[in-house]
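Each of the two complexes below includes chain A, the first together with chain B, the second together with chain C.
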Partner chain A sequence: MSAPVVECVGLSKWYGPVLGLREVHLRIGPGITGLLGPNGAGKSTLLKCMTGELSPSRGEVRVLGRAVPDPDVYRRLGYAPEIEVFFEELTAREFVTALARAAGMGPDEAASKSEAVLKKVGLESAMDRRLATYSKGMRQRTKLAQAIVHDPEVVLLDEPMTGLDPLARAQMVELIQELGKQGRTVVVSSHILEEVEQMTREIVVLYHGQLLAQGELHAIRALIDRHPHHVAVECAAPRALAEALAAQPYVAALRFSGDRWLQIETRDPDACYGALPRIAKEKGVTIASLTSPDDNLAAVFRYLTMGARGGQA
Partner chain B sequence: MSAAAVARTAALRAARRPSTWGLAALGLVPAAIAAIAGAAGGVASSAEALAIMVIAPLFVVALVAATAGDGYAQRTVVYWFVRPMARTSPWCSETSRATQRSPPR
Partner chain C sequence: MTTGTIYNLSYRRYEGTRLPAWTRPLVIARYALTTQWRQRGVKIALLLSLLSLAVTAVVVGGIWFFSNAINENAHEVQRAVPDVMREANAMLVTASLRSQFLPSFLLVLLCGAPAISKDLNAGAFQFHFARPVGVPQYLLGRLLSAGGWALLPPLVTVAALSVERLALGGEPLALLALSAKAAVAVVLRVAVLASVALGVSSLTRRAGLAQALFAALVLGTMFIASAVASATNHVWVAALDVVTAPAGVAAVLTGAAQELHGWQKLVPALACAAWIAGGLALAAQRLRTAEVMRG
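Our next item is the complex of A and B:
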């Protein structure tokens, strides 16, 4: 990675005797990064340290090459905290405009940018209603709007999907993906694996304040070599396929499930994926679908946390 | 510009709170008493004058404190906190008090 946009060096944070973060070394570059971990893992603490809201007990956080808190960083950083409350007496338009003004925009620019961003997040018809009347989904959208109104390079979103219905969730994923495509550095925290998986393959896994893993989902999966990789093949003749696969050195085990599914365990997924089409062609078997349950974040997360607990999970 | 945005927002929020108007009504009680006493030909006592001079400014302080207190209690102050503006010293001291503890041994 070239110069990281967000960097944590030996970051530790204690709340009195309670450990929030322990020796976190982290480098995050442009694009979307999923910050993943169960409740209490330290995700919000890490984001608060990145914004400068909390000072590290030890170590350092640098955003855009500067130690936070720093006003220059705040001009280029947007943050949506996990809290559900706003300035309830204001309308969404007033709220976002006020924060745009606080970010340094002039009155006209703040007004036009606020309107544009509220339209973008789907609050066009409700932007002049008081925030006190907003539903949870609308609040999440408003939080996103205030975080991006000043066009920041770095966007930190703490649990942005909480309380959203499936449709709103899909729209939020789309909005976040768009931010990533624009070249911004977006850090999204979540404790729900599927949410992060929908947005990015780049993940950071936290558990009990410790950084368990960071990198591309598939690469992290490959690191966990003590767990064979699973590939599920759906075809009309799984037994014929299994016969050919059984002799391959990269196949650790084969299982059938139903009449159409063959589950392959492999310690060399690349070789397996590479050979499958050829073997299927030789055997005259048409593969209807090919999936890898292990590329699901849930599997990665389960493996990683098992390791952190000493394999006791 | 940023400080003005905060002040304007605080004023707007305060103006839209029913409690603000209740507080304002209470704050005006001493003045009302003095006005009534004056109209009746009496002279406002020094206590009443003091109340007017003290309570009126305190009313303004209470308005600001209510909004700011809410911000601290509900953590909405964080929306200001991540903007390029000077932090208020109470917030700084709160932050450093809460975050500068020594690690456990």
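Our next item is the complex of A and C:
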């Protein structure tokens, strides 16, 4: 990775006797990074350390090459916190304009940018209504609007999907993906794996305040050796295929599921994927589909957290 | 195998106007004042202040009219009555302070006392402090908004009474000096009230509790200081509380603090400074640990 946009070095944070983060070393580059972890894992604490709102108990956070808190960083950083109650008496337009001006924008630019960004997040018809009348989903979109109104290079979003209906969720994913594709650095925290998986394959996993894994989803999956990979094969003659596979050294177990499905457990998925077409051809079996049920975020997350708990599922 | 990403690099950093850091408190204050204006209680308190202004203008105008008449009669018998005129003029300051105390107090109670509590409760610091806004700038913005509406009634009263006095034969230059002193006194009173309100507000996330604590502190110190002053015969003690200290400064400025002697004349100003510094220092300290308070 080239020079990281966000870097945490030995970051620890305690709330009195309660551990928030412990010795987190992290390097995040451009694009979207999913910050994952169950509730209480330290995701919000990490984001607040990145914004400088929380001072680390130990270690350092550098954003855009500078240690936070730093006013210059704040001009280039957008943050949407998790909270839902804010400035209820203001309209969305006033709220976003006020925060654009707090970022240093002039009044005219702040007004025009606010209008544009509120239209972008789909609040065109409601931007002059007071925030007190907003639904949870509208508040999420307002928070995203205020986070990007000043064109920041780094965007930190804390649980941005909470409370959104499926349609709004899809729109939010699209917006976040657009930010990532523009070359900005976007860090999105969530405890809902499917949400993150829709947006990015680049993940950071926190668990009980500790960094459990970081990197590309497949690469992390490949590193988890203690759990065999699952490969599901759909074909007309799964038993014939199983017969040939049973003798292979990379196959740990075979299971049948219905008349057409064969589940393969393997500790060497590359060898398995490489050999399957050849074996199928030899046996005259036509493979209808080939999937990997655990090559997804949920499985990776489950394996990682099981490992952190000492293998207890 | 890792997936690749092609960035379209359409992002362009904002290169437009960047307003200087000193404008941040004004931005915070402006939007807070807008929010406060939408509260019914603020409008009612401002209406109350208008009523108070009207009554004060009539009463003080009447006193000035009769003072003029007494003074003219005194001239006729070659015996000036300077005390009557000085006291009449000093009414510009005392009337501005006294007539608008209740509206100002109510406005600080409504706007200032819950200000930080509400932000603490909502976690609004996350919006402010993720921007180039520091604790001092936030606090100054909140101070301006805590006292903004409360300052309006006494300042309007000073202006209105000055015009009235001018119309009733006041000397323009002397009146200008007196108006300036009155303005200083009312600004000081609102600054003291607002600073104390912010300090109290930073202690709790419950806006109602902050308001109750503020009211108790303001009224409580007033009664205690007054009682101690009476019991001990130390008049200067009465000038220590939140309400009387600014009035004491006004009395010193207009030469009406005849019961204070020597170093005692410094007591009201020192008390004001202590209330302002104490309130703001407490709020600043609490803001720096605000997130820890949230747990």
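Annotations for the structure displayed:
As a convention for this text, the second predicted complex is superposed on the first by the 302 of 313 C-alpha atoms of A that agree within 3 Å, B and C clash if a C-alpha of one lies under 4 Å from a C-alpha of the other, contacts with A are read in each partner's own complex, and residues count from 1 in each chain.
Here, a residue touches a chain if its C-beta (ideal position, glycine included) is under 8 Å from a C-beta of that chain, and two chains touch if they have at least 3 such contacts.
No experiment lies behind these values; they were computed from the predicted model shown.
Look at chain A after the overlay: chain B and chain C clash there.
When the shared chain is aligned, chain C comes close enough to touch A:A219, but chain B does not. Residue contacts after overlaying the shared chain place A:G31 against chain C, while chain B stays out of touching range. Once the two complexes are overlaid on the shared chain, A:R260 sits clear of chain B and of chain C alike. Shared-chain residue A:R101: touches chain B and chain C both. Once the two complexes are overlaid on the shared chain, A:P17 sits against chain B while remaining clear of chain C. Looking at the shared chain after the overlay, A:K283 reaches neither chain B nor chain C.
Look at A:R302: by the touch rule set out above, it reaches neither chain B nor chain C. Shared-chain residue A:E53: touches chain B and chain C both. The wider contact with chain A, measured as residues touched, comes from C rather than the other of chain B and chain C.
Clashing C-alpha atoms between chain C and chain B appear in just one of the listed stretches 171-179, 207-215, 225-233 or 279-287, and that stretch is 279-287. Comparing the two complexes, residues 15-16, 51-54, 69, 71-72, 74-75, 77-79, 81, 83, 85-87, 89-90, 94, 98-99, 101-104, 106, 146 of chain A contact chain B in one case and chain C in the other.
Partner chain A is touched in their complex by these residues of chain C: 1-3, 5-14, 16-19, 21, 23-24, 27-28, 30-31, 34-35, 38-39, 121-134, 291-292, 295. Those residues of chain A lying in contact with chain B across their complex are 12-17, 19, 51-55, 57-58, 69, 71-72, 74-75, 77-79, 81, 83, 85-87, 89-90, 94, 98-99, 101-104, 106, 146. Those residues of chain A lying in contact with chain C across their complex are 15-16, 18, 30-31, 48, 51-54, 69, 71-72, 74-79, 81, 83, 85-87, 89-90, 94, 98-99, 101-106, 109, 146, 150-151, 153, 156, 180-184, 201, 216, 218-219. Against chain A, the residues of chain B that register as touching in their complex are 1-2, 4-6, 8-9, 12-13, 16-17, 74-76, 78-85, 87, 95-96, 98-104.
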